[in-house]
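Structures for review follow.
Each of the next two complexes has subunit A plus one other chain: subunit B in the first, subunit C in the second.
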Partner chain A sequence: MAMAALRREGRRFAAPLISPNPVNTFRSSLAPTEEQAFGGIRGISTQAVRNRMKSVKNIQKITKAMKMVAASKLRAIQTRAENSRGLWQPFVALLGDTPSVDVKKNVIVTVSSDKGLCGGINSTSVRVSRGLHKLTSGPEKENKYVVLGEKAKAQLIRDSKKDIELSMTELQKNPLNYTQVSVIADDILKNVEFDALRIVFNKFQSVVSFVPTTATILSPEVVEKEAESGGKLGDLDSYEIEGAESKSEVLQNLAEFQFSCVLFNAVLENACSEQGARMSAMDSSSRNAGDMLDRLTLTYNRTRQASITTELIEIISGASALEG
Partner chain B sequence: MLRHVPRLLSRTNAAAMRWSLPFSTDVPAETPVDSKFVEGWRSVIPNIDPPKTPSAFMSPRPPTPSTIPSKLTINFVLPYSSIFSTKEVDMVIVPATTGQMGVLPGHVATIAELKPGVFSVHEGDKVSKYFVSSGFAFIHANSYADIVAVEAVPVDHFDQSLVQKALGEFTQKLSSASTDVEKAEAQIGIDVHSAINAALTG
Partner chain C sequence: MASNAAVPFWRAAGMTYITYSNLCANMVRNCLKEPHRSEALSREKVHFSVSKWVDGKPQKPTIRTDTPEE
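On to the complex of A and B.
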């Protein structure tokens, strides 16, 4: 609803700029009716400015409310994101951090938001995903996207529609929890073939800053191959594996569990960054609206004063004409 | 428009300072990054900064010491909280699928899957017991142990009568189950609840 209102108001602002009236085109868009005011109809000029002031005030109210909502949502989600930060660390300690791994089937999991008006977080994650896609592409390589969230889908569908393997939206309809995220992770694991999953998300740092981050998850076969060949996962061979019958089975479980844990943290961090970015975006737009309101008030008062002065001049000159 | 720029800039700085103080959470330290990845990224996509990777956000683990340390350092994490974070303890017992496994400092590096059971932490004379549903335990050669569980609850938070009741319900469900999925669900319920029951009575 708020979005629609903003769009409507935006159109109203754009209208005087687009209007064919040649007199107004080089004037400031703030006082397009001033010209006509001195043409005779004085009442309308203040009326138009007053209307505009009213609509700017309304916009300011909306953006302020959105900022408040984002702030309260941020509080709730920030503690959860911070609490989930311990979850992925054991996996990185065990399996290492391997963004440079060279495999055939790369799947880029782009985490984004469903709603807009939150600054640049979605375009950042899309840009990074495109970069990863470019970096890992080559002959005999298959790169796919899995998109979480409406906004990244809208951006990626434009140029890489054929590469989008799976997309999911409305993640945040209910508060994010581990069960929900593990169902999503399960869906991705079942439907997409991969050698390496690269999760792209915005890590929350503070309300005004977020860091585009990529986490890499290798498929069990690749983990085994890398461990045997020495490389970054060479240490893994020194670990004794207890559990199911075979090593590969344990590695399979481990990779799936790792994916769900890392995805859980990624989704929470991204939601947190989203609220933070929305909060600062709405903060600056309410301040912009305030500035605009100040300028409009000035124009309004000036026009009013001008019309009063004109009236006074008319009265006085009329009176002096009678006297004289 | 341009005459507003200095004002706007100073304002964003002020806002940044105001917010970064109470909200800043963790300051990433200087950590090794994957130089191959960064160089590859820079050569292919020069106009965007390479994204960070998880290792940039965590403190590196210490190397394996030559002598066995006297304490075991554990991390015990759940999706919604970190119960222990680099806590030094004497011993832990983890419920691996192969059986209860006691871990002392200097334990051989192991990856163990967990089954529903009691995870106990021994710290001097104090023993804290948690019931974990499932997960993984990684024991590293440097006497670090990471236990990742999906759900964990202190054992004394359970109500035995409710556990008994649920166990009865699941036993009934197993006998009336028609499909494989229902059977499996009921079997999981029985396994978990009898494990809780054993933890409470034993």
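On to the complex of A and C.
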């Protein structure tokens, strides 16, 4: 025993002078404190790896829980989003969708989420909005943004804050409903001047695929102008409209109601896409945490094994030296 | 197109069609019998915050909450 202690002492003093620690080279670099071990405390410290493993395990638990929450929210909101599609489809049948219409005052309504950790859906809708902005801009044209949700606001503030007209957040505090969205639509109609509203949102297709979509809503005057020039909108005259109102009045009511319905659908679809994207993002991050945990466990076990082997060698060689 | 006579009046009062139809919808909800009535009313909660932007700066946000109709 005394000899072993002596050898250890000798090694500790000699090591820096003679060789650059031949022992440590094959041991893990995670255990630099080994050489400072004093009487009785031997072996490599695995504290660092153990801490790391614990934190990775906790993160994995959190991401798994978030995935579960997103999955249950998704199921609730998916049926609502799919049912709300029936609201705007009659309008498209009646008025048609005219994404290529060329008007002076474009207002781009970007729909995004308030919370992050949901993959790329917010940056997708921001990118599409920027593209649309570029596409429709030109001399004597006015393009404005109306931003729904915190995330798109944070992204658009960087380069086009001059063009933001209105921003709305905290939409999803209560479950989304038509009354709320129609009040939002009402606010947009009252506060923003427009010839065409272009709503940008992520249309939900399945849990893993979201299609950035634009829906165009024309102002009553533009609708009338388009109706006169023929095309799909020209068919409007063939409908018999009850009531003694003038055509422009009917068109104005229709355009307003269309906007609220389309916005309702857009907000629901986007919320649905958000949950789906969050679910898949959290799924992949729990998988990554699992991989990392596996790698760390391997390192940990290997280090432990190495220290045990070294101890055995030391004991055996000590014993044989005494015998010898 | 429920009431022809009312149309000019609500438009003249500065309401949009959306406000008008929401008002009507809320009246219908108020006509429901009790267990359904409170359920229908509690379903339609409004909460969001709006801020107008002037010269690239957001103005103070106004929070609109639990006002199904203005």
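Assume the second predicted complex is superposed on the first by the 273 of 324 C-alpha atoms of A that agree within 3 Å, B and C clash if a C-alpha of one lies under 4 Å from a C-alpha of the other, contacts with A are read in each partner's own complex, and residues count from 1 in each chain.
FYI, contacts are C-beta pairs under 8 Å (C-beta built on N, C-alpha and C of every residue); 3 or more make two chains touch, one makes a residue touch a chain.
Model, not experiment: these values are computed from the prediction.
*Asks:* One more residue to check, A:257. First (subunit B), second (subunit C), both or neither?
*Replies:* Once the two structures are laid over each other on A, A:257 reaches both partners.
*Asks:* Report for A:65: first if it touches subunit B alone, second if subunit C alone, otherwise both or neither.
*Replies:* A:65 contacts neither subunit B nor subunit C.
*Asks:* Now for A:242: first (subunit B), second (subunit C), both, or neither, which partner does it touch?
*Replies:* So A:242 meets both subunit B and subunit C here.
*Asks:* Count the residues of subunit A touched by subunit B and by subunit C, then name the partner with the higher count.
*Replies:* Here the partner covering more residues of subunit A is B.
*Asks:* Kindly classify A:92 by the partners it touches after superposition: subunit B alone (first), subunit C alone (second), both, or neither?
*Replies:* first
*Asks:* Per the contact definition in the header, classify A:162: touching subunit B only (first), subunit C only (second), both, or neither.
*Replies:* second
*Asks:* With both complexes superposed on chain A, which partner does A:174 reach: first (subunit B), second (subunit C), both or neither?
*Replies:* Second partner only.
*Asks:* State whether A:186 touches subunit B only (first), subunit C only (second), both chains, or neither.
*Replies:* It touches subunit C, and subunit B stays clear.
*Asks:* With the touch criterion stated at the top, can you tell me which subunit A residues are shared between the subunit B interface and the subunit C interface?
*Replies:* Looking at subunit A, the two contact sets intersect at 177-178, 241-244, 253, 257.
*Asks:* Which part of subunit B faces subunit A closely enough to touch in the complex?
*Replies:* 4, 11-12, 15-16, 19-20, 23-26, 34, 36-37, 40-41, 44-45, 48-49, 51-55, 57-58, 61, 75, 77-82, 85, 96-98, 101, 108-113, 135-136, 138, 140-141, 144, 146-148, 150
*Asks:* Quick one: in the complex, what on subunit A touches subunit B?
*Replies:* Interface residues on the subunit A side: 78, 80, 82-94, 96-100, 127-128, 131-132, 134-135, 177-178, 200, 203-209, 211-216, 238-244, 250, 253-254, 257, 261-262, 264, 280, 283-284, 287, 291.
*Asks:* Quick check on the complex: what are the subunit A residues that touch subunit C?
*Replies:* Counting only subunit A, the residues touching subunit C are 161-162, 164-171, 173-174, 177-180, 182-187, 189-191, 241-245, 249, 252-253, 256-257, 259-260.
*Asks:* Can you name the residues of subunit C that touch subunit A in the complex?
*Replies:* Within the complex, subunit C touches subunit A at residues 1, 4, 7, 11, 16-19, 21-22, 25, 43-53, 55-58, 61, 63-64, 67-68, 70.
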